[in-house]
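Given below, in the form of structure tokens, are the structures.
The two complexes that follow have chain A in common; it is paired with chain B in the first and with chain C in the second.
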Partner chain A sequence: MTKKRNYRPLRSADKLKKTMNRYYGLTTYHRYWGKIAKRPLAWVTSGAPVELLRAFKIHPAYPEQYAAIYSTNKATAQLCQVAEGEGYSQDLCSYARSNIGGVLRPDLAPLGGMPKPDLLVACNNICGTVLKWYEVIARHYDVPLLVLDTPYLTHEMTDHAKEYVLAQLKDMIIQLEKITGRPLDEKELAKQMEISSQTTSLWKKARQYCRELPSPLNAPDLFIHMAPIVVLRGTKAGLEYYKAFHEEVEERYKEKLGAVENERIRLVWDNIAIWPKVFSFNKMFTERGGCFVTDTYSGGWAIDLAPGSPLESLAATYTEVFLNRSPEFRYRQLVELIREYNADGFVMHSNRSCKPYSLVQEVIRRRVTEETGVPGLMIEADMADPRAYAEEPIRNRVQAFLETFDD
Partner chain B sequence: MAKIFAGVDIGSLTVKVVLLNEDKEIIAYDSARGGYQGRDVATNLLEKLLAQHGLHKDDVQGTVATGYGRVNFPAEKDVSEISCQARGIHYLFPGARTIIDIGGQDSKVIQLLPNGRVGEFAMNDKCAAGTGRFLEVMASALEVNLQEIGDYAAKAENATEISSFCTVFAESEVITHVSAGKPKEEILAGVCYSVASRVATLAQRVGIMPDVVFTGGVACNEGVKKALAQEINQPLLTYEEPVITAALGAALYAVNL
Partner chain C sequence: MNQWSIAEGKNGPLSLLLAESKEKGANRQERYPQHRFFGLCCSYFPEELVMAFGLEPLRMLPKSETATPAELPSFSCSLARGLWDMEKGNQWRDLVGIGFVHTCDTMQCLSGIWEFAGQTKNITIVPPVMLKAAGGFEYYKKEVEGAWEGLKSLTGENPPLEKLREAMVLCQKIREQVQKLDKIRPFLPSSLVPAILRAGQLMPKEQYLEILKEIIPQLEEETSHSGQRVKVMITGAVLESDSLYNMIEELGGRVVADDTCTGSRHFSGDYQESKDPFTDLVERYVKMDPCPCKNKSLNERIDLVKETALKNEAEGVIILIRKFCEPHAWDAVSLEESLQKAGLRTFVLELDGSEAAGQERTRLQAFIESIQEQRDTEKGGGFQ
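Showing the complex of A and B:
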């Protein structure tokens, strides 16, 4: 007997695998080609201005993305324990803990852990944890750490904030010129930003087909197929991938093929995926006709580059990321998604690791329900550490929540 | 042939079974300690109840299971205990708008819409504070029966403050109070307030609207009931058998299968 599938797999998955494997291969074996090609390897945060780094021919690797891979490969608990054994608190972000665990014990890490960096670039637009986490890594490898400090936006972007970030970017250029031994190639930067912009636009357009009924994509599709937009933004490989992905999603949209069989309840997801349970968690929804038609997390990479000169654009784009914005902004964002995507409900993952994402969720949840009349469910878990996931209580909540949509 | 509908609630500590006739009248109910053998206990309890009332398995027209053991129990349908609790309480108390349920392993607060449907709900998360298990641990540390907690607490003039949320830490706090010679009554009154304040916080998250109904095994505990009514500043209604209301809701679902 074949197991009943409640969701439709994407054929782009093959191309995704090839694209990502090539990237991992290049990253893992960087030591063999990096020096010859004069292309240093940088560990960077997910919200770092990677277009600038690529203009300097830097090869970026993302500890957050590796941490997600560690988690889907069930290595996180053990790697976290290594870090905890060294004295890192269990309350520290599980991406940071598992990354540090992987640095200390690469033999326990999938893909053999991350290759040694030549420099580190941290931007605090996603959280404050990255600053101390990257300082630890900088001390461990004795490599330079470049920090981009983006002021938290309580309302809209201010001239002062923009000038402050712009000045830092200019300073970062001087440092990158020293580290790489190359001057900034402005044409190359403009080219990087153009590719980045085209890639983002394809990711965005593909997502927008999910406004239709039935939605051609579900949350696991978004979470899995977001990998290149994070790590290969600004590359031809990334652009080629999203051309194919967009084409497939468009095709599904035209043929009215839903990601979930018998889509019945349309939901919006808020917060990082629960990587150790990404499929089993989602199955609880698909088997009852629930589909996550969009999310705030992978949608964070579907934002157009801000206007202005390349540097001005980078300053604004990276300061205005949603995690660097007020609860008011986040509330409006969720209300808009619910309306645009015709959602019946929303699910918030109160993520033990990610404080900036999770801390204000309860306030947002209440206001969104008041404004839209659409119910929201709160799930307590962790993006990477399976020890913070309580199967039965979660099943209970999800079932009860979905039952409220029954007659 | 009689037409019977069964609701089976396999909770973390106890199993409850309710039988209804087609007019939704309660014919029989019972509860038993479940634990490891929850599903077998439920099957035996159901058979026992049927036999006691001269009924046969074939008389059962529909069964709905709820509680932690619901998934693999041979029933026509499994429904979460939140929906079942709402259904059962709305049937017993049509004016109820808030349910506070404290069971063995979890506590929950359910907001009911005027039509009896679930509006919103909140549950304790990955922590035994504010649950029946918390009371069990404290009863055992103080060497009293679970059922006696309320009586002891009622006799206390003052309540000792238990500040830890964590059950294990709270237990060592209780032991410290015992060594300090604090009377059992006062410590138990403190234990009741600790559970009540934890659950009251949960209730505030959902919003408390009268009538408020208190269910679950802990609703039998007068000490917690009194402390909770004070904490939320609302009188609490209870059904004479507060442990069976979710099973009753399940049986009501079975009637409408």
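Showing the complex of A and C:
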């Protein structure tokens, strides 16, 4: 007897697998082709201006994304323990700890760990942790560390903040020219940005179909299918993938096919996924007709590129990311999502590994509920480390929360 | 524990500083009714700006390290939890305002929460994280000028720039005195200098300078060699009490150098006068010994801590981590490796706040004894 599913799998999953496997293959075997093709490998943070790197023909690899893979493959706890054994506190980011564990013990890491970088590029628009983490990696491998310091925006972007980021981008170009031995190809940069823009637009449009009832996508779809928008941003492979993905979501929308059978409760998710429990956690909701119709996390890559010259656009786009903004901004963003997506409630993951995301959540939760009348649930866990996930207390809280929608 | 005689009277100048330090800024209105205070959470907010407006900078220190306000998750540091808990308890209500500086993710969130849900008005400066980055200096200067404008709005006053220059001169004089204190630190009980330095962040500056001028010559005269005490350096974040310093002293150690937010780091760096006070001001803040939240180059901070330890002939370094303080926890591993390579003993100590208790005592004792044993083996070292 086949097990009854509460969710509808996406056909695009096969294409996603092929697209991503090709990328991992290229990355894993970079040592065989990188030097010949004169394409250095950079470890980059998820919020780094990758279009600029691609214009220099740099092959980017994303430690955060690998860390998510380590987690879904149940390797994080062991890798974190390796890093903890070296003195890295258990209170530090689990992406960083598992990455360091993978560096020290690649034999324990899925995909054989990450290939050795030729350089590191960090942008602190997502957190301050990335700088400290990449400093450690830079010391370990003795490779150049390029940092784009995007000032935290207490209100709106200021002229001097933009000028500062712009000055750093110009300086980064000089450094990249030295490292790669190539001059900046401005046409290539413009092309990369155009592809990024088209890809972002498709990701955004596909997500917007979820405003309708029933929602064609659920949170795990968003979390899994965001991989190319992060790691293949600015590439033809990424663009082709999202054309197919968009087409399928549009088809579901037209045929009114929901991601969750008998969608009953529409929810918004806030924070990074709980990767080690991404499906089992979600199941608690789908079996009661709960569907996460949108989220703030994967939505971070659905923001249009800012106008202006390529460098001005990069400066604004990468500084104005939501994690670099005030609680006021984040509160308004959540209220808008709840209204646009006709949500009945929201769930916040208080993520021990991500302080900038999590520390402001409670004040936002209260204000959003006051403003919208919609209830919000707070769950404490960790994005990658399963040791921070307390199964039964979380189940009880989720059940109690979902019961409030029964009347 | 005090072995000096200059603070004989209860109202002696040194006693006043020690009392200030112990009070942690409480009762400031009763103690200094003629003064108005402006709270600061971090040394990267130029206190000179505040002083130019006739206000006294007050280092905001948590009353309790066990506060658990509902707005912050359990994995926030006790500094953030304690300060926010005091805001909820209306304990900052007398302040003209609060100056935040973007340093770590937690302080970023705390300043955001304060603006979003707090009562006390605040001004936030976001300095460059990469202090030597292209465009960083100009950007920092604009942020400081923005804070100046913010203070004008907050106070309704518009002081001339001469007031800023006067404040800078006063702070420079204090720093010069502190440098003298740092020189005699190895010859004074471990908790004395940190307490004096903390007092300087909690009381009116002019009065503080006068007391320093009075007590330092006396302290210089009263210094004496400290026998075979084990010489250690402490590096860490905010230390709002003397608990750890006292414990080190009790166990036969002596703190000879300090790299903490509330200690020597706060007073590091100096000015070079030009026509523009804002330029001079920013130059000093860029020159200041960096905390782990700032980057001047990959290893500058690590090397600086090592050099400070070696220069002060420390035999061991205590790397102090406030629970959930990520920047210090990150640096701890590289620091430990670098210090050990330089032949220094290291001890990584995690505390909830600044209070050291039984468990820490045992570990600290073992650390100090191990240095004593090594010294015995080598038949050398110690103060002569």
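The criterion applied here is as follows: the second predicted complex is superposed on the first by the 407 of 407 C-alpha atoms of A that agree within 3 Å, B and C clash if a C-alpha of one lies under 4 Å from a C-alpha of the other, contacts with A are read in each partner's own complex, and residues count from 1 in each chain.
Convention: a residue touches a chain if its C-beta (ideal position, glycine included) is under 8 Å from a C-beta of that chain, and two chains touch if they have at least 3 such contacts.
Model, not experiment: these values are computed from the prediction.
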Based on the shared chain A superposition, would you classify chain B and chain C as clashing or fitting together? fit
Mind checking the angle chain B, chain A, chain C on Cα centres after superposing, to the nearest 10 degrees? 70
Hey, is it chain B or chain C that touches more of chain A? C
Look at A:Ala138 in the shared chain and tell me whether it touches chain B only, chain C only, both, or neither; answer first, second, both or neither. second
So, does A:Ala400 touch the first partner chain B, the second partner chain C, both, or neither? first
Counting only touches as set out at the top, which of chain B and chain C does A:Glu371 meet: first, second, both, neither? neither
A:Glu312 in the overlay: touching chain B, chain C, both, or neither? Say first, second, both or neither. neither
Touching partner for A:Leu166 - first (chain B), second (chain C), both, neither: second
Of the two partner chains, chain B (first) and chain C (second), which one does A:Glu380 touch, if any: first, second, both, or neither? both
Go through the superposed model and pick first if A:Glu392 touches only chain B, second if only chain C, both, or neither. first
Answer with first, second, both or neither: which of chain B and chain C does A:Glu362 touch in the superposed model? both
Smallest separation of CA atoms, chain C relative to chain B, angstrom: 5
Interface residues of chain A shared by chain B and chain C, listed 362, 380
What does chain A use to touch chain C in their complex? 86-89, 91-93, 124, 127-129, 131-133, 135-136, 138-139, 145, 147, 149, 151-152, 154, 158, 160-161, 163-168, 170-171, 326-328, 331, 350, 352, 355-356, 358-364, 367, 380
Would you pull the chain C residues touching chain A in the complex into a rising list? 70-76, 80, 102-106, 108-113, 115-117, 124, 126, 128-130, 133-136, 138-139, 142-143, 146, 292-293, 295, 298-299, 321, 323-324, 326-327, 329-334, 336, 348, 350
Counting only contacts in the complex, chain A reaches chain B at residues 362, 369, 375, 378, 380, 388, 390, 392-393, 395-397, 399-400, 403-404
Where on chain B is chain A touching in the complex? 68, 71, 79-83, 106, 117-118, 120-123, 125-126, 205
